[in-house]
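Below you'll find the structure, written out as structure tokens, and then a few comments.
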Amino acid sequence: MGNWKRGFAVVSSAIIMTSGLLASSAFAAAPTVRRDAPVVHLTYWNMWSGIWTQVVQKMVDEFNKTHPTIQVTMTSVPSANGEQKLLTAIAAGDAPDVFTEWNPYIAAFAQQHALMNLSTFMTGKYAGLKHWFYPVAAKWGEYKGSMYAMPWTMNSFLLYYNKTFMKQAGLNPNNPPRTLAQLWADQAKEWKITKDGVVQQIGYYPAGNFEQLMPMFGATPGDFFNGKKYTMTSPKAMSIMNFFAKFKKYPYTQVNAFEKGLTGAAGGSEDPFELGKAGFIVNGMWEMPTIQQFNPKLQYGVVPIPVNPGGYYNTTWVNGNYNEIPTGSKHPQQAFEFIAWLSGYQNAAWAARAYPTGGWIPNSAVITKQPAYQKFLKQAPLRKKFVDVMLSVHDAITPVTPVDMFYEQKLANAQDYVLEGKKTPYQALLHLQQVANQQLQQTK
Amino acid sequence: MSTTVNVVMGKKSVKPKPSRARLRRNRLIGWLFISPWIIGFLAFALYPFIASLFYSFTNYNILSPPQWIGGQNYQQMIKDPLFWQSLYNTLYYTVVFVPISTVIAIAIALLLNMKIKGLAIYRTLFYLPSVVPLVASSILWVWLFNPSFGFIDAFLRAIGLPAPGWLYSDAWVKPSLVLMSLWGIGQPIVIYLAGLQGVPNDLYEAAVLEGANTWQRVWYVTIPMISPVILFNVILGLIGSFQYFTQAYVMTQGGPDNSSLFFALYLYQQAFQCLHLGYASAMAWLLFVLILVATLFVFRSSARWVYYGGEQ
Amino acid sequence: MVILERNLSARYSSRRFKLMTASTIKHLVLILLAISFVFPMFWMMSTSVKPDFEQLRWPPVWIPNPFDFSNYPNAMNFEPFFQYITNTLVYCVLTVVGTLVSSTLVAYGFARIDWPEKNFLFILMLATMMLPFQVTMVPLFVLFKTLGWVGSYKPLIVPTFFGSAFNIFLLRQFFMTIPNSLSEAAYIDGANELVIFWRIIIPLAKPALATVALFQFIYGWNDFLGPLIYLNDQSTFTISLGLQNYVSSYGTQWGLLMAASTVATLPIVVLFFLAQKTFIQGISLSGLKG
């Protein structure tokens, strides 16, 4: 870091401290800064953007106010090419003290000793952290039995259904599908394709939902990865892909354009459902504020994803945002204190008030049970369903391996091959298994 | 070495040879004039070049130190079907985009060089797509190219033509991206316009006196006179096309079925998503050689078609 | 006599008619082409004044109904927008100065002086553009880290004072079209190379210099990867980084994004409009035959 940067840090910390002093004289309850206590400065990067930058900045401000000896400076890195910045900084030994990452990189970073083993910090007053999180949330952050990434806020997935379309198709909008067979039958009635092959409305299209459908077929990470190798031709994987194969009767290119239409643009997440062009979609809770903003008239409902015989109803596939401490961090102990605080451990009441400002699903049932969070859920009954599915013991995640990023890319390709009819489910999965295992071998 | 390069560069000495003393003096002055670049090259470019060449012979995942593995990355490249696919995609893009964009940019520059009212506005309008941030315009492209609601397909169907799947079809994704890139030729247009100002009027007058029509004047006067900037734009177009990345990264991520997986995109995925910076470096150096060969080839040919006023 | 006069006037008017149709056709062609080129900008501006519920309508709404200008103040308050604009402006102006000072000198060395090693060095210079940035990025970052420059604008500005291959090449092409006889004459009159460079080449190459300055400015304005990698402090960010803040995989603020993009693009458009006269009208070599 250059002198200029250091200069800025001094100035900004001076500002923070002055404002802290001012605040403390104004509100007697606020902690005062002890002049002789050394202040540790942490740099913290994340890839939050949009309204979430402000949500997280407020949390950091709150931490700085309540922890006078640790001052955190947050940088919100644009998520486009964000990993490039992070990796480059790590390579040059210039990594921040803390960063928030999404899950597919965790095991790769842990394998290369780029992250600190968080389990070693979980002693004394932090001993309880080991059992604090939703088990499925904790598993994403673990590599070879130790935690390398601390769960912060989680994503769960449910089925959205368009009530108007159901009525138009002669279905009962108060009786959304509970089984995949019923979903298949219901959605088939909602497609609108003109004579010259132009798609105007779709029912349901499963592209990209392979992982979200795992628990619906009773699949666990163990079905796809045996601890050493990917086993993608296992019966569970085959049964999911066979479900995909049914959809090859729809014109792939046209539907693909429809589905990916807006997702492909500039990292946005828009989809045909929220624009009132699709009958069903599997998605997370962020779909709701988007509909509220851009298409407020849409009549829709949310239910757990329908299941296959042998699958588990009222469950979900989970991913989320995780906090990590790079190996190069200069103040790991303080960094750990910061991320433990963010996760709501020992300050669950605060987390229960703060998480709803971002519409977040907590990492722990303890936070969910807090009165403040329950109050939030009461006001938003649809959101409650996203939180309720977090309690299932059958919730699933993708196998955590060092080539996760690669695996997810190739899995997306495999789904496309099957939907397009270019490969049979077995061919697509076998190919996926081969390239993923090859990649796994190369990373050793 | 310098004589080889002279031949490669297609430069024949037309001028009478300067005296030995002047050559010696010129050498010193020449080095002095370009010394800023030499210093910059030694300070900021040389180390990254050598380091990336070194990485190309290592197993380097960015997170831990590189390990020497000899030529394995290069051997693996030959066996990697995605490497060949991305190479093909990039060559396709380059071969289609560079000639088409050159012709269209010159044509528009000629149009914008006429004496008509409102030229300043026209010139500005043609430059607009080059300055609209991609983050804002990409959503428009996705809409324009949408087979169901897109403007382009609606138009094609209206006049009874088949409507392709554009960005979402294996066969059409590359032509779609070329089409999109053609919107961004504002920069070459500006360079051609600047070049056109250097064409002396009396050359046109002489051509008119000899009875040349408009096309003949363009072909025999304008094109040769702006050939130095054509050379510039062709070479920059080559370098840019071989490294084509951004639109594919933002809009197609290489799909469908890898048909828009361009070389630089695959290289990026290998480096920062699969954490194989060693392999990516080997790919980059192969690309480097390809671009260098193509550039030298163009330079060599330029002796036959580039005319420098300064050489008379 | 009368017949002749009538003939003459008929010929005169038919010529005028021809001229008029020619000019109408030219305008028509230009307008048709221009419409397609204006499209992205038009789309951006129209979306920026749409109410939320019209921004993602499918098929799209071209003319907002009703107009909603609230995206502009909202976008400006969403993040320190004008701070980002100011940062970008300072950064761009400094790189333009650096580029003009260094690239003209180097281009002169390559274009106007005959010396043995220049062609080899010229190819070497072009070669620096041929290796993708993705693989030189990490070692370059390490280099700047060693110099203690990371976190500041130095890695983005200082190198421009040593010339960039793109600009040097462009200027070289223009310098080479200037007739040799001009500098030869000055040389015989006793002028040294610096005098020739400053008194003859620079004045004649003003349009090329304006072009290079404009390109460098716009390059800095739109550069994303450089500022992303080297800047760590939110308050030092450029506008290209700032625009990304409206985008999120959990939901993009389209209206704000379009409003902010419009405000960020307009200065460039105005700059171009004002500058285009300089680089289009400046040079005319007629009468300066070699």
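Order of writing sets the chain letters: A, B and C. Residues in each chain are counted from 1.
We take it that a contact is a pair of C-beta atoms (placed from the backbone, for glycine too) under 8 Å apart; a residue touches a chain by one contact, two chains touch by 3 or more.
These figures come from a predicted structure and were not determined experimentally.
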Topology of the chain contact graph, where touching chains are joined (line, ring, star, complete, other): complete
Contact-richer chain pair [B-C vs A-C]: B-C
Between chain C and chain A, distance of the C-alpha-averaged centres to the nearest whole Å: 40
Chain B and chain C, separation of their C-alpha mean positions in angstrom: 16
In chain C, residues with contacts to at least two other chains: 58, 137-138, 142, 244, 247, 254
Touching two or more other chains - residues of chain B: 62, 135-136, 139, 143, 272
Residues of chain A touching at least two other chains: 80, 84, 87-88, 91, 262, 266-268
Residue ranges of chain A touching chain B (in the complex, touch as defined): 80, 83-84, 87-88, 90-91, 108-109, 112-114, 196, 198-200, 253-254, 256-258, 260-262, 264-268, 403, 405-406, 409, 413, 416-417, 420, 422, 439, 442-443
Residues of chain C defined as touching chain B within the complex: 23, 26-27, 29-30, 33-34, 36-41, 43-44, 58-60, 102, 105-106, 108-132, 134-140, 142-143, 159, 161-163, 166, 168-170, 173-181, 193, 207-208, 211, 214-215, 218, 221-222, 240, 243-244, 247, 254, 257-258, 261, 264-265, 268-269, 272-273, 276-277, 279-290
Touching residues (chain side chain C, partner chain A) in the complex: 52-53, 55-58, 79, 137-138, 141-142, 145, 148-152, 154, 224-225, 228-229, 232-236, 241, 244-254
Footprint of chain A on chain B - complex, ascending: 61-64, 134-136, 138-139, 141-143, 145-148, 157, 163, 165-169, 250-253, 255-258, 269, 272-276
Complex contacts: residues of chain A adjacent to chain C: 1-5, 8, 43, 48-53, 73-82, 84-85, 87-89, 91-94, 262, 266-270, 272, 274-277, 286, 289-290, 293-297
